[in-house]
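Going in written order, the chains are labelled A, B, C, D, E and F, and every chain counts its residues from 1.
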């Protein structure tokens, strides 16, 4: 059982539209807070989109996700898991980026996550664009390369953009492999689709042993079969889960900058996470939620619904390992 | 054949955007009108959302549904049914609620439906939040408890909210069972999903014999199989159909206050109604359509498309029983 | 100088879109917090709209106002006042209403403000619909009736609605006068306009000595002249300031439930507040901001810009009285 | 006093969001209704925009105006006029246009208004694009040419478009002068602005004695002075009032197809109508309200607020002449 | 290989939000341009919606489609086809319609496409409402009747509207069959659904041998099976492909004037086009995209994603036939 | 008279919603085009917002401004100026920025404008955020410092952000003064308002002789008086005009990232430009138009209306100097 300090406010007591909105209505425990050391899973915002090559907006993601997360209740509808009573969860606040300096921002993010890792907290990140994953991995994989289950419509494995720019939201995992942060043979990318510049990213994947599962294969085989393979690929080792909201069909998740039509629906969007149960997840992110492209907030609500599923999976593993 | 007085205006004669918008472009026959006694199916608005615990808006539902309903034509595309020429349908207007007094509003609604029932009219209600169903059932079930097919992502079987408040849109069917308005063994709830406060509602269902069909079971078994069971549960007896628009996935029906992701799509939303054919439906409602959360009106158009399906099913039964 | 604990986060350090959004980026000091006793001006949300007779939504006001308030910086552009460094300001959180019980909600609100008053904190409230002002006044005026400067397009002086309902957002100041919470001869209402039911509210004002300034008079005389009279009316005594956002023309403030065209513009909306300098303000509110009718948030940004002006006026008075 | 049959429903009895929406909540009295002959002022929709050369949408105007008009109450805030109790007003429904045939539509509209004129009813039209005014004038001016006060940012006096097309919303008053429906020396156009194709329209005005008041003159002289001249121009004769919503600045009235920036605000938009008091108005229209460009409905609410002012002016004249 | 002149600008060089937006960032080659004769596939806008009987807007379609098309990259994700490097594609600009004259507009459109056909260019049209297809077919089928694969929720085979109007977006293919432009036995219509006026259109189809595939059959049989039949129906002869965006479920494509719920999802929307590979397509259109009903542009992005699929299929056939 | 090649397409010939949208429907003459040398005034897009510290979006500005500009006609309504027939104007396309590298982007922009200046073209820029002005000034002021009339609610004179970042949209004119691109004694900033971080920017202005006109002074003195002083400040020398759309009140121009309430209305927004007539304007920009915050495009339409006024002023001067 988790500490009562870490229990979220219930909507049966305080209406869900009331109160200062923290993630999942959890306590706000910034680094330095006296309960920081007791946190098991830390929800963190990375309000940053300087790596975006097309339509910006994910810098506003954490705030809209916090807002939407006040609609999430305490218990999982099928497993019965009550994650916030099982492990200590808290809102650790946002990493402060420098919107006008990419390198400075990455340094700040890595420093923040170094502290998280040192404290033994598993980070559940709310992005930010997908470049956010790189400075996070620099902290989480500082000891050894990680495996990764990556939900996305894009590989994000390009070499560079605009004549040599190495850090954009289309390149983080190319950099992560080059820097030894990911073990490419333990990486699987699921949901790939949409028109392509060329095959440079896929060639890199093939050359390094990254498994690509295109949307056609996903729809043909189904969630269960695809995810069984995904679990096998990452195996028992330490694994990162990166969930780009553009994995989901843009009708279900319009609030994102680089949509690609023909993706999974919202039911599949949840099911793929449930299938991660049992993995050794050392960190997860939900990225590319871009509020300006979905003022109604439906994308953010889907995002936090997925985050809740991720937290349930992580909490179950933590509980089982005690 | 219905009386020509009750035939709706055709879009081939008067464009669909023209005219004072009544439900389905039917005649407006308020209680007291000299054709009131001839109505078979009465379309009624209940513009009321005082039971809403989260995001309000369904009080504006009836007006947006009327507007959207002018897009509905005369004939069903597969069955060929022309309901408005088969039975006498009319727009009976709205029940006037008291937005600042829940008990007074319920009294007004029950009184209105008492008159409907006494006149032998089958009501097709456009809500209004889900608490609306309770005062309606108080009129329709005044003689004997009813069965119910209930489409929703929530059970609405909670005991109370906010420290003892008994009448909210999360409690109507708990009250209805307690008051003997529903026979719980003839009640089936379909499409349940989303995070939960606790299991208090499900425990009540289990203790009383209400059949709950979660969305996982719905997706696994399919519409046909699930609906066959639903028909069996309610059997030949008098049955109420309550259709909360949040049964449908919020991407297809964003205009609602308490969305839960991962629901049925719009095709399934229609199919489940077609499967009700043959039941003895004594009343139906379409509730929780909340225009402020869908200015484009797509939710309302789906809502009236479902209402048309319900009317076809009811008209077929009436015609068959003559 | 205020305590550094109470200084808001600067946008030059942490971008304004980052962080858990509290009012003005001030510390969150709920009742019970160990710095509660040190607060001079407390910003409080009242997320409640059960008194709304027309279009609901103000229950979502405090959250959107908090979000918009992160755009407010530290210093007033003309007076040079830096209020958050002059007096101790804090976000005291929201009062938890009961959305399905008006009487219970009013009891909760009055209890919360009783605590505020007892602690010597001046409340700056973010509503909520205008009925919110009544339970607040019940606490603030518990010792003696207050004067009031009231910006609004409506008098909110009606006797009752819907056949006798006494508590709606159209009746709070009728009740407040009846209950002896306001001294009607020290009350001025500014900006009145829009079609009327009848003259029952104006008759009450005339009979009790409340000064009504219609929009025609406001436009003809100008801000300076009108506000000089307003200051004279309330005089040196303890005064409440109630600012209904529908005072402002709905083009400038569309996010509200009962708009009336032809009102002041956003420049005048600020100037009228600056003219309150020197008054003994014992509490103020900004009510009727309704996010569902302005998804872009422009209304909320105007609302917090006005709140900042109010805080500057209150801080100057507090500082002057030390 | 008007007949109680013609009194609108009060928002104090039935909430304003409830009920089948007719104009101003007046009774729906279509031609043929047994009270048709008793109507003094008839509110009529012309849902038609086939004359639009740029962005379509006004065909949806009447419905959105009806919806917004349920927010209008019974009494004028400054004059105290209660128009619906002074003269008999009713919603006469919409004229059914043929959206795919301009000539056929104009024939239908003129036929409808011939009936209105023959019944001695003064029409208050809700358009529709500005071409609507032409077939209306063909009925109203069938006996003698009319004067006209015309609020607009455009003259609508062009000869033709697209190589000779004579009937568009840019040509109605050129046609009306040519057909002898308007006496050009009794026509004044107020609010003209925006970039121009050329001076062909202004040359026609100059050659025929039509008075053009550009926005610069309007802002420099003020409402009172300009309107005094306008009243003098039309004099005591029968006068038509045509109010294009694009007269108002597009920030105040975004829902229109051909906006021009720099126009009057919403207060001036009402004041110019009040200044028409005493004129012999034989018909009026409110045109070019285009809902697709203002989903929030603020433009429509301004539109019906202006319609209410027009009705008050017309009712005062009718009452005075009895 | 295509000529480098015809290669689109890459988003890796110039960000996708930059530049004057032409279709797919292709060169703008209007008739008369010196490279006009070299074009294989011409992308053409028909900004026209005068045939619309309900909600207008498709006249704005081409511009929004051009804007969205800058998000399309060079290569197909599964086939690897790089169409713009395979054949010469260009943006040929828009046909200038006369928005206030249907017959004149049809004459202009047919004249434009006569030039296209004479130049041996295969047109990929972006509409415009569905009446656009008729004047296009008059040019393309001037020598011999064509087969047609028609994706739509409506047959568009009605005889007339509003008492005899022959040219609306509900009648183009009735006219095309009557005029000998289509061989009805080589026409298949896929996706039909929604409420109906009557069976007049279906009777015409049955009498002439047009194959209708209702949505129920589509969902039951699946894309592959249905499309195999479609290919068989049109066979090896010259074939037109007409794609009404309302074929797709309105949740995926809200930006259209006459939605019908329960349609295909976005994945199926693409798959049906891929299944056209090998056909002798002499022209294709994407019609009824209506920006006013989808300001976010998601519908347009789906539209250009489908256009890209169509271009790939056409390019493969052209390449194979060389 | 300008060359017919440079005349824009008229809306009387081709409807304004038709055609590939270039600025003002002018010919697209990119550098290298054979008519490039003949251009007098070049309209250029700078789709770039990497300097934005708060809400991004201006990178999408040029495209939305092009779209809106197709609504602009040929002639000024009061002066009668037909600028496109007076001097040669053309759309020179966009400068391609590098969204993920600020320094690289500035280099690209300066290089582009070096070419413009060398060709003797006066640039009318559509931004982009306000940092855009700095690389433009580096080209235009390469020979000698310029004077500047600057409309804005902010000074943009801050030293740095986020602990030392020198290039943001809050610093361009500090840099420009430091780099000798602007003569501070010939710089006037008009419209300043909104809460402030501190007075560091105003101190810099005071120390360097930059004239600041706060909004209070602007409203008190009026457009004519203020602009007379502005003309005097810049005098006869070469002058740059920088127009930040947030100069205008955010109700009139919501589509911007850092709004400040209480600004000028849209009429004043035009009048201040007319008052620039006679100045030696060597370049002008319209910046900070951010489409994601105004999907309706009203801000962009105001932006191009202002651009048209600027072009008229510049064309008059060019014509006068010939």
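Here is the rule we use: a contact is a pair of C-beta atoms (placed from the backbone, for glycine too) under 8 Å apart; a residue touches a chain by one contact, two chains touch by 3 or more.
Labels paired with UniProt names: A, B, C, D, E, F = Guanidinopropionase.
Given the structure is predicted, the values throughout are model-derived calculations rather than measurements.
Asks: Shared touching chains for chain B (Guanidinopropionase) and chain F (Guanidinopropionase)?
Replies: Chains that touch both chain B (Guanidinopropionase) and chain F (Guanidinopropionase), as defined above, are A, C, D, E.
Asks: Stepping chain to touching chain, what's the minimum from chain D (Guanidinopropionase) to chain F (Guanidinopropionase)?
Replies: When the steps are counted carefully, the minimum from chain D (Guanidinopropionase) to chain F (Guanidinopropionase) is 1.
Asks: Going by the average position of its CA atoms, which chain sits the greatest distance from chain A (Guanidinopropionase)?
Replies: D
Asks: Comparing centres built from CA atoms, which chain ends up most distant from chain B (Guanidinopropionase)?
Replies: The most distant chain relative to chain B (Guanidinopropionase) turns out to be F.
Asks: Note the rotational component of the Cα superposition from chain A (Guanidinopropionase) to chain B (Guanidinopropionase), reported as an angle of 0 to 180 degrees in steps of 5.
Replies: For the C-alpha superposition of chain A (Guanidinopropionase) onto chain B (Guanidinopropionase), the angle is 120 degrees.
Asks: Just give me the whole-number Å value for how far the CA centre of chain C (Guanidinopropionase) lies from that of chain F (Guanidinopropionase).
Replies: 39
Asks: How many angstrom between the C-alpha centroids of chain D (Guanidinopropionase) and chain A (Guanidinopropionase)?
Replies: Computed value for the inter-centroid distance: 56 Å.
Asks: When you check chain B (Guanidinopropionase) against every other chain, which residues touch at least two of them?
Replies: Where chain B (Guanidinopropionase) meets two or more other chains at a single residue, that happens at 13, 15, 17, 53, 55, 59-60, 99, 161-163, 251, 265, 293, 296.
Asks: Any two chains that touch count here, so list every such pair.
Replies: A-B, A-C, A-E, A-F, B-C, B-D, B-E, C-D, C-F, D-E, D-F, E-F
Asks: Enumerate the contact residues on chain D (Guanidinopropionase) facing chain E (Guanidinopropionase) in the complex.
Replies: Per the stated touch rule, the residues are 49-53, 55-57, 59-60, 98-102, 104, 161-163, 165, 167-168, 292-293.
Asks: What residues on chain E (Guanidinopropionase) touch chain F (Guanidinopropionase), complex-wise?
Replies: Residues 13-15, 17-22, 28, 45, 47, 59-60, 62-63, 66-67, 91, 93-94, 96-97, 99, 295-296 of chain E (Guanidinopropionase) touch chain F (Guanidinopropionase) in their complex.
Asks: Provide the residue numbers of chain C (Guanidinopropionase) that touch chain F (Guanidinopropionase) in the complex, in ascending order.
Replies: 10-13, 15-17, 71-78, 80, 251-252, 265-267, 269-270, 296, 298, 301-302, 305, 308
Asks: Can you check the complex and tell me which residues of chain F (Guanidinopropionase) touch chain C (Guanidinopropionase)?
Replies: 53-55, 161-163, 192-199, 214-216, 219, 249-251, 254, 258-263, 265, 293-294
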